[in-house]
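Multiple structures follow.
In what follows, chain A forms one complex with chain B and a second complex with chain C.
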Partner chain A sequence: MSNFPQFSVLEEAILVEKPEAKEPLGILFWICVGWIGLNIVGALFANVLPIENPLFQNYSFINSGPSLHHLFGTDDLGRDILARVIYGSRVSLSVGAGAMVIGFGVGAPLGMLAAYRRGRFDTILTNVMYVLLAFPAIIATIAILSFWTPRSLFKIIVVIGVASIPLVYRVIRTATLSVATKDFIIAAKVQGATDRRIIFRELTPNIAPIAISFLLIGVATVIALEGALAFLGLSVNPPTPSWGNMINEARTILQVNPWLVIFPSAALCLFLLCLNFIGDRLRHHFDVTEVKL
Partner chain B sequence: MFNYILRRLIQSFFVLLIVMLITFTLPYFQPHGILTPAYGVLGTHANARTIAEWGAQNGMNHPYVVRFWNYLDQVFIHFNLGHSYKQNLSVWNIISLYVPRTIWLALSSLVLTAIIGVPLGMFQAFRRNTVFDYGATGTAFVLYGVPSFLLCLLLLQLFTFSLHWLPASPPTGVAPWAIFTDPVGFILPVLALTLLSLAGLSRFMRGTVLDVLVQDYVRTAKAKGCSNVRMLFRHTFRNALGPIITIMGLYIPLLISGAVIIEDVFNYEGLGIQTLNAASLGDVPTVLGITLLTAILTLLGNLAADVMLGVVNPRIRVEGK
Partner chain C sequence: MLRYVLRRVVMLIAICFIISVGSFYLIHLLPGNITTVIEGPGASPENQAKLYKLLGLNKPIYQQYFVWISNVLRGNLGTSFISQTSVASTIRAALPIDLEIIFLSQILAFITAIPIAMRSARKPDGWLDRAFSAGSFTLLSVPTFIVIVLMVLFISIKAGVPHTGPSSYVSFSQDWLGNLESMALPAIALAIGSFVVYYRVLRSDLIATLQEEFITMARSKGLSQRRIMWRHAFRPSSVALLGAAGVNIGGLLASGFVVQYLLNIPGLGYTLISAIDTSDYLLVQGIVLVVSVGVVLINFIFDFIINIVDPRISRE
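Presenting the complex of A and B:
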């Protein structure tokens, strides 16, 4: 479609009007990004890294503390905790990534469409989503996983991903609503832009910052949910290591070998805190006000 | 106001119907569909004929719609949440003893969270960007980010194993009033649940109060020589109350989720432990019964919050008429 020159001027004027006094992201932000990156690299290349097999049981080194041979020590079956922590990150990372792909894949388009179209479609969908949102996620996931047996990582990702759809929907819908009533959208409509163009060229770039900062917090939320499921013994089956099930297996022998709980807990906590911190900083950076309920 | 409550009640009823449709439909997705329990009940006697017979005896041969109608009748008229074939007990029998205990846990945490979180958030907003505010915001941020089960383990390690101050779990047994007769054992679970929800609430409270504090009428009040206490409680608090009540209503599902973890860590006999036991046994009717009960509790919580919102905010009442 043709682009009227006066429209692009108008659009620019609106863009320029925004105050550009953004504070820098800060050194802590980049440390967090680095830590997340390190975790991702570790999870991807766990096979290649010079670490032991996480399932190898060495009975002459049981419950040993950190040493040069086993930097994080060994567990009650003589398995290397460092290797298990690194391999364990794979479960958390795939749940975080997979569930958010499902959540954003379904929730984001629905949220945008609902906020853009409004009308009955929006009313019904929003009410349904609020019903789902009002429900305790952990009870729902336990209920579904209890008979969708046998449990596997894939099923856990699907269940958590579906559970995150209403959350994503709400955030994206609210974000779109705040943009969809702005003048430049109305200008584009008056100009005769197609719905497709408005959604992809006008709406999407404007809600992307909100979506990205929420994405990180969403990843942290689903990883914490998977951790909770694993802690309750309802996630991937042992011996596959995950941070949650390592903590679960070790909590009964916490007094005997505290390292066994400390290292996976530290890994999980640091990862979640970094994700939350990055998300929070980005939200401030893009000047997104907290989504009001 | 009456119309408003009525409208919300009808809405909640429809939501409940949707939830029931889901809990009713889920068993169809089991390996053998709704006849799955027959294989457990009949054991070695299971063959095509006996299974069909068993299905007929338990009303499972009816069409989907008829069965759903029977299910509604069973839940609404007979208050029967289903039958657990694994334990050969009605689901309500299995969980009824534990419902009050979980409600006590959640309620006492909710009250404590409100009592501590609301003033804390207000004070943070009032003294914003001071050392106190940064400290509290930082603590809340860490508490918010740390998974609940780790916080529980940490509290357990600190207060029970290191300091020997508090017992690791509340007294066993199901007396719902044990929280008053023997409160020491309940301190840790309630504390853990309170800390978990406190982080979110104080953060939310700070933001809400900040929004109100920048309003013109607050500045006017200050300019007229209004004292800080009066400014905070008469002008700010009343206007921040609406969002707080809404968020407190939304805390009920959060508290129930938190209760699952906390009951597991502190061995607190409640709905959460029952859910986990049923889930690990593969006792689907019990899991779904608890799910339905949770939905009802959640809806009641939201309804209560909405009604309260109508009480404190006249605009909503008028809109409802």
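Presenting the complex of A and C:
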């Protein structure tokens, strides 16, 4: 090697260029993924699972604690809490998924286009989004849901989803900006690649890690928001169970039946914790530091 | 600086305009005839006329906005047709309670988050840092409404601590000590949520700041650890902390709503939810308008403070 000094310089350059070893995801990451998967399966197949009907009222078992018959106990109307927790996940999951589909469906393409095209389109859109971001979204959500009656799952998803658009826009725009100015994009342009090719083949794969980790944290935020709305009685109407409205129903009988609060709370917190953890790990794994969420 | 402030003021006015249009339009989201929905089917013609005058209902919709906004700017948010009291006076009575809860919770959050974040940042990956980072990450996933329900369950009911349960609210003018007692639980619940955010933001920013050259310089001058932390590292890092606090305020108000709802504290949140339950739409509209404008104003003030702390921001 010493005979070819320029060679060693080259090798050094390659060594520097080589990306650092990625941080491993760890066992906890996969446990969290498993838990989220389990929740999704439970929500999808709640009808075929060997659990009681969540609306069935058994008056001989009222406010009974956990037992072999009712693993999580029963509520003040004799309904099985385990069944209600499993069915309740449906509301949280659909709000989380639905709202983010709207938020990313509108916000992400707009953010990418604005950052890629720049110019007047970008200036106007970004200013509009910044004005919307300054609007207190939580208050607006409460306001719209209190007037737009009767409330339904669909309306809740639409309101929360639309409220999340400016936030998604900002994150995706910032992420795209950092990629769009890199050399390989310029190289692609010089080679005469079409805009469509650059957007789908060059930009999208590079933004995906940021988008995915933000998506997971976004889902967690949205689910927590729906929980708070349900707790205030502004989400789906009873008797449909949701984690938030179960906690709301439990608040008046805390003294009698603490289990009714503990199980849905634990289900919600565990779910959020797993989502946040996965999002956080992925961010470290892909070394996303430029974009502040 | 002046140009920056002017630009922010223009933006502030634009946002307030949008908020007012939004709050105005809320009434039109109601299904059916507006007077019937707001005042009930048995409303007297006199009351109906009053509502028509307030909202300008017989005019085209863009003129209705001007009728309504000119009333609002004169402080007339209408009269609730359920309690027969003016919306403005109801809000004036409830607002101080929200401010008190937020004020107390922020004091608690800052006096705990700042020293602990400094300790953590001094030895990143030490046992204290690990414990608090893991703990705060876990707490990040516990929404305030669950925190407060669990606190009521374990502190007021299981441990039986007096003056903390639902409906134990005492007003400040009646008995200030009792008031503080009844505010303890809500303030702590809100403080936990804020602590988690402030701790995480300040810790990571301090770790970055402590690696700067001017800190090495300060160390080599032989300054004490405490002096370096407070005088040299905290000031640049406090920008991030203030930014987080400004963004946090909207969420804080909403958390306050949840806490008031559970504990029957007659602040804006409790009033808002009861108004929604009784279909007192004018009151809901008034609270939404006041709270939204308040949040935007507070954000504006925080921006201004951040600029004083770090004047470089306005020059960018």
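Note that the second predicted complex is superposed on the first by the 271 of 293 C-alpha atoms of A that agree within 3 Å, B and C clash if a C-alpha of one lies under 4 Å from a C-alpha of the other, contacts with A are read in each partner's own complex, and residues count from 1 in each chain.
Please note the rule applied: a residue touches a chain if its C-beta (ideal position, glycine included) is under 8 Å from a C-beta of that chain, and two chains touch if they have at least 3 such contacts.
Here the structure is a predicted model, which means the values were calculated and not measured.
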Overlay on chain A: chain C relative to chain B, clash or fit: clash
Partner chain in contact with A:239 - chain B first, chain C second, else both or neither: neither
Touching partner for A:205 - first (chain B), second (chain C), both, neither: neither
Partner chain(s) touched by A:265 [first = chain B, second = chain C, both, neither]: both
Which superposed partner A:149 touches (first chain B, second chain C, both, neither): both
Touched partner set for A:26, first chain B, second chain C, both or neither: neither
Which of chain B and chain C A:135 touches, first, second, both or neither: both
Touched partner set for A:34, first chain B, second chain C, both or neither: neither
Partner chain(s) touched by A:251 [first = chain B, second = chain C, both, neither]: both
Footprint overlap on chain A, comparing chain B with chain C: 131, 134-140, 142-144, 146-149, 220, 224, 227-228, 231-234, 244, 247, 251, 254-255, 261, 265, 268-269, 272-273, 276-277, 280
Chain B partner contacts - residues on chain A that touch it in the complex: 128, 131, 134-140, 142-149, 220, 224, 227-228, 231-234, 244, 247, 251, 254-255, 261, 265, 268-269, 272-273, 276-277, 280, 290, 292-293
In the complex with chain C, residue positions of chain A that touch it: 130-132, 134-140, 142-144, 146-149, 220, 224, 227-228, 231-234, 244, 247, 250-251, 254-255, 258, 261, 265, 268-269, 272-273, 275-277, 280
Touching residues (chain side chain C, partner chain A) in the complex: 11, 14-15, 18-19, 22-23, 26-27, 29-31, 137-138, 140-146, 149-150, 152-153, 157, 250-251, 253-255, 257-258, 261-262, 272-273, 276-277, 281, 284-285, 288, 291-292, 295-296, 299
Interface residues, chain B side, partner chain A - complex: 15, 18-19, 23, 26-27, 29-31, 36, 141-142, 144-150, 153, 157, 161, 207, 243, 246-247, 250, 253-254, 256-257, 260-261, 264, 275-276, 278-280, 282-284, 287-288, 290-291, 294-295, 298-299, 302
